[in-house]
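What follows is chain A paired twice: with chain B in the first complex and chain C in the second.
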Partner chain A sequence: MNTLIILSALGVITLFAEIFRFRKALFPIILIGLAGAFAATAFEYCDNPQPIFNMMIFDKYGVAFSCSLIIICFLWFMMARNYFLQETSVTDHFALILFALVGAVVMVSYSNLVMLFLGIEILSISVYVLAASDKASILSNEAGFKYFLMGSFASGFLLFGITLIYGATGSFDLMAIQHYAAASNSSTGILTIGVLLMLTGLAFKCSLAPFHFWAPDVYDGAPTTVTAFMASLVKTAAFGALFRLFYTCFAGISGQWTSVLWWFATLTLFIGNVSALRQFSVKRMLAYSSIAHAGYIAIAIVSMSVTSAQAILYYTLSYSIATITAFTVLYIVERNTGRNDFGAFEGMAKNNPFLALVTTIAMLSLAGIPPTAGFFGKYYIFMTALNSHNTQLVIIAVIAALIGVYYYFRVIISMYFKPEKSDIPASIGSLHQIVLFITTLLTILLGVFPDWVLRWI
Partner chain B sequence: MNALLKEIPLNWYIILSTVLFSIGVMGVLFRRNAIIIFMCIEIMLTAVNLLTVAFSVYHNDSAGQVFVFFTMAVAAAEVAVGLAILIVMYRNTKSTDIDVLNRLRG
Partner chain C sequence: MLTSILILIPFIASLIILSVPARAAKAFAFGASLIAFVVALVIFIGFPISADYQYVLDYSWIPSLGIHFKVGMDGISILMVLLTTFLSPLIILSARNGENHTPVFYSLLLFMEMALIGVFVSLDGFLFYIFWELALIPIYFICLLWGGVNRVNITIKFFIYTLTGSLFMLVALIILYLHTPNHSFDINYLYQAGKSLDTRMQGFLFLFFFLAFGIKMPVFPLHTWQPDTYTVAPPQGTMMLSGIMLKMGIYGVIRWLLPMLPDGVHEYSAYVMWLAIIGVVYASVIAITRSDLKRLIAYSSIAHVGLIAAGIFAFNLQGLQGGIIQMLSHGINVCGLFFAADIIQNRTKTREIPQLGGIRTKAPFFATALMIIMLGAVALPLTNGFVGEFLLINGVFQFSPYMAALGGLTIILGAVYMFRAYQRTMLGETSALTEHFTDLTLSEKAVFIPLVLMVIFIGIFPQVFLRVSEPAVMKILSGMP
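Entry: the complex of A and B
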């Protein structure tokens, strides 16, 4: 609970920065506040958590995911400061990000469907604005508008699902729904329809195929820093919410929805990876790659085993960190060359070996090559699936991962083996250097010591 | 009031809400004007609100009615943001037709 209070207060303080003219001091205040929120969250970690008004519960799962979200947000702030410093309304953007983080924390630690809905909306509404925040750019407007239309359409389905579940069970409380679902093994029509509608609504938010079509456009059109936020933090929160709901409430009636999610996962893996192959823009390639990664995470949810939560936490964290590295580099490249296609990366290894090295490690992690965290993320997901006898899904995912290697290596090939013609500067801002160093270090350290994350749940 | 609401069978509320919701969904899928699409999304949310209240009376549980307040507040916030984005878009394109949204492809 303290986490939510600290983060909300931080958001409000950020809004006041413009009025009371402490904009210069804002950035350190936010970083300190986030560190404080992290400490407050970690402090709530205990074996016997109590629900707060039957609305929120900071159990191990909630605390671990909240900590992970705060870390991602911290790295994002370090990455995005330079971009927003040139804007006049830096405070608005930072406040929106902090409120989005509040929504994300609510989404991973709710114990009532009302809070799930509110968390999703707090997150989404902030991100709609951020996606459209580049007011002069028509692409950004289009991205924001599409995201808004698709997001509120999905909210409608989610809400209808919540209502039908309420109608069937007579309660919004996760525990009550769980008892009802476990007791009524023979399916009740309304409950099943409700569960499937909620799955549809959440699949929209997680960009699972066949509800992924908005994602490439939105990720492509939004400002690069905002895309990084959507691809990392929003995705982590969406999967945290999806898994919490289905593991807590509907594990007892898994026969009714796992086959649907099975198809979602398979379609997502193929559509994401195959579409990423034929992209010219790195930003769009990363958008499709983020859809593909959603497919891997969905495998862990289909499996519904006790290790699923660990696998999802580890995967989302390793994926988000690698994504932030990739988008930081993309931002630097875009800023200096004005382009975001593969050609813009050519010859980076000569001009700036550090940037090329961190990009390589991020791409290896996203592709799932051994020493990096991405490999162990995929390994735990596949082990979880194999333990619950989802062999077919693992075979499909391995084939998809092999396709994925091709387009991640295209970036590496452009950087190292193409003739030099890029205008990427030899030195980058110190803040970007720090964030790239931290994310790369984390990618390798998490790969070597996966236990640091896994033992939290 | 309760007695009056309960005189109509619950199934009728479910059917009415489902029909309203479907009208909303069809509108979002087939209309081209952004403002009409907004209205259709509102119809979807309203259908849900109606059903929630009906269930709430049926279960003798006030939680559903409280939930409807949250939904209405969130829907209002959503529309405020949506219209703001629409205005920004209109300034650049001079149109509220969603067919102009075709610059992002691939």
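Entry: the complex of A and C
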């Protein structure tokens, strides 16, 4: 609960920065505030969590995911500061990000469907605005509008699903729904339809195929920093919410929806990876890769095993960290060359070996090559799935991962090309240097010592 | 503890070398790999003749998943480690000055040496997989950054090809892990888990493992990445790949596949052996028709490895022992051959055999050294190749005389392509390209002399190596964990 209070207060303070003229001090205040929120969250970690008004519960799952979200947000702020400070107004956008984080924390620690819906809306509305924040760009406006339209549809599905579930069970409370679902043996009925509608709505938010069509355009059109936010934090929160709901409430009737999610996962893996192969723009490639990664995470949910929660937590964190590295580099490349195709990366190894090294490690992590965190994430997902005898799905995921290697390595190969002229700068800002250093270090350290994350759940 | 020191020496050196000035990088890398060799040699000399793992270090790495950093050596591992540490300094020494070999190049070579040693000493399935993959990353970058024409497409094909096998092996390892009673990756528990499975499941897992090992070796028909990659890689990369890296696949079969899935091996070994024997004949015939020296050696390597694979899957003492000694011999011979090809290419700017000739008159030392290595490659008695191929064919014969007859063709066909290549490059009239061929420089001699000495030493005293690996081989054959 303290987390939510600190983060909301931080958001409000940020809004006042313009009026009371402490914009210069805003960035350190936010970082300190986030660190405080992290400490407050970690402090709530205990074996017997108490529900708060039957609305929220900061159990181990909620605390671990909240901590993960705050870490991602912290890194994101370091990555995005320059963009917002130099090119747009800083206070309102930073406030929106902080409110989005509040929504994300609610999404991973709700114990009532009303809070789930509120969390999703708080997060989504902030991100709709952020996607359109580059007012001069038509693409950004399109992205915001498209995201808003599609997101509203998804919220509609979600709300409809909640309504039907309420109709069947007579409660919004997760525990009550769980008891009802465990007791009911009927294979069809109003509950099943509600579950499938909720699955649809959340699949939209997680960009699972076949509900992924908004993602490439929105990711491509939004400013790169905002895309990084959507690909890392929003995705983590959406999967945190999806798994919490289905593991708590609908594990008892998993036979009715896992086969649907099985197909979602398979489709996502193939559509994401195959589409990413054919992109010219690195930004669009990363958008499709983000869809593809949703497919791997969905495997852990299909498996419904005791290790699923750990697998999702670890995978989302490792994926988000590597994604932030990739988008930071992309942002630097875009600013200096004005392009975001693969060719823009040429000459990086020669002009700026540090940048090339961190990009290489991020790409290896996204491709799932040891000793990076991305490998262990994939390993853990495979293990979770095999533990539930989902061998076919693992084989599909292996093939998808092999396709993935090709397009991630395209980035690496471009960097080591030596063109006649390259606009990649020899030195980058110290803040970017720090964030790239931290994310790369975390990618390696989490890959070698995954226990640091796994033992929290 | 000693085992982990062997891993740490090249690893630490690969990090330090990045801050060493470019001039001193080669010397530093050579020195570091030489230290690793000395340590390995000392261990080898004092190595007890026993079937147990020696110098074991067991450190709990990821406790909640039962993953340990467990390394140790038995008689087979130490021979592989000895080969790796023996060839690594020579490969580093063979790098020519002035070919843009930055410290990164040597760092990658050392890092690869670390990963290869790790593969050969891992006693934990997860650790084995990590080292297995770690060996792939440096060689990919060595080929990508210092390779020849069309390297981008060929190296990515190589990477994805080998990763395919690896990922299926990972799936198989996880399935075995989930069958261990207390969820552990320890080699002994994995052995037990594998043996307890029914034949159908073992066969299924066998195919997954074999995909990884078969691609790495490579066994026909999984070899299509190999000739291109060997040709396009820089000489040091080719030597690393052919001299040491392909032994990972063979070693994997001996250490993991044979003891772990005996029923699966029994089910499929005849098929695998036929594939291997077909590969022997097929690759030898292609080698005869090649005119590019590097490609010829690449195909000859497929033929030799095919025979090793057949001998190992015959699963008897002669076959396994022959396979192990032939791994050492093949590593030494193929490194020498590829280095010779590099020397010829460097001086004449071509690898096309028809354009060469008469090098012997210009460079007698080079011609003599190459002759001895070639004799080893075609298995002349008293050379290293003879010991291995004799034992291998003996092993295959016990399984099936027909296969042995066909596999024995490798010696005849090998003599055809090797001696033809030798005759057309070294003997005869000098061509315009070879007119100004100079003999070996001091550092080139320093690479060739140890190789040539080892060709003869293993040929005369194979027992030095065979007696070390025998207890471990007997243990695998007896099926005891």
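Operating definition for what follows: the second predicted complex is superposed on the first by the 450 of 457 C-alpha atoms of A that agree within 3 Å, B and C clash if a C-alpha of one lies under 4 Å from a C-alpha of the other, contacts with A are read in each partner's own complex, and residues count from 1 in each chain.
Operating definition for what follows: a contact is a pair of C-beta atoms (placed from the backbone, for glycine too) under 8 Å apart; a residue touches a chain by one contact, two chains touch by 3 or more.
The model shown is predicted, which means the values in this text are computed figures rather than measured ones.
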item: Chain B versus chain C as contact partner of A:D451, first or second or both or neither; value: second
item: In the superposition, chain B vs chain C on chain A residues touched; value: B
item: Touched partner set for A:Q279, first chain B, second chain C, both or neither; value: first
item: Partner chain in contact with A:Y379 - chain B first, chain C second, else both or neither; value: second
item: Partner chain(s) touched by A:T359 [first = chain B, second = chain C, both, neither]; value: neither
item: Partner chain in contact with A:F409 - chain B first, chain C second, else both or neither; value: second
item: Residues on chain A lying within both footprints (that of chain B and that of chain C); value: none
item: Complex contacts: residues of chain B adjacent to chain A; value: 14, 21, 24-25, 28, 34, 37, 41, 44-45, 47-48, 51-52, 55, 58-59, 61, 63-64, 66-67, 70-71, 74, 77-78, 81-82, 84-86, 88-89, 92-93, 98, 101, 103-106
item: Footprint of chain A on chain C - complex, ascending; value: 62-65, 129-130, 133-134, 136-137, 144-145, 152, 156, 159-160, 163-164, 167-168, 170-171, 174-175, 177-178
item: Complex contact set, residues of chain A against chain B; value: 114, 117-118, 121, 125, 128-129, 132, 135-136, 138-139, 141-146, 148-149, 152-153, 155-156, 159-160, 162-164, 166-167, 170-172, 190, 216-217, 220-221, 279-281, 284
item: In the complex with chain C, residue positions of chain A that touch it; value: 364, 369-371, 375, 379, 382-383, 386-387, 391, 394-395, 398, 401-402, 405-406, 409, 413, 416, 449-451, 454-455
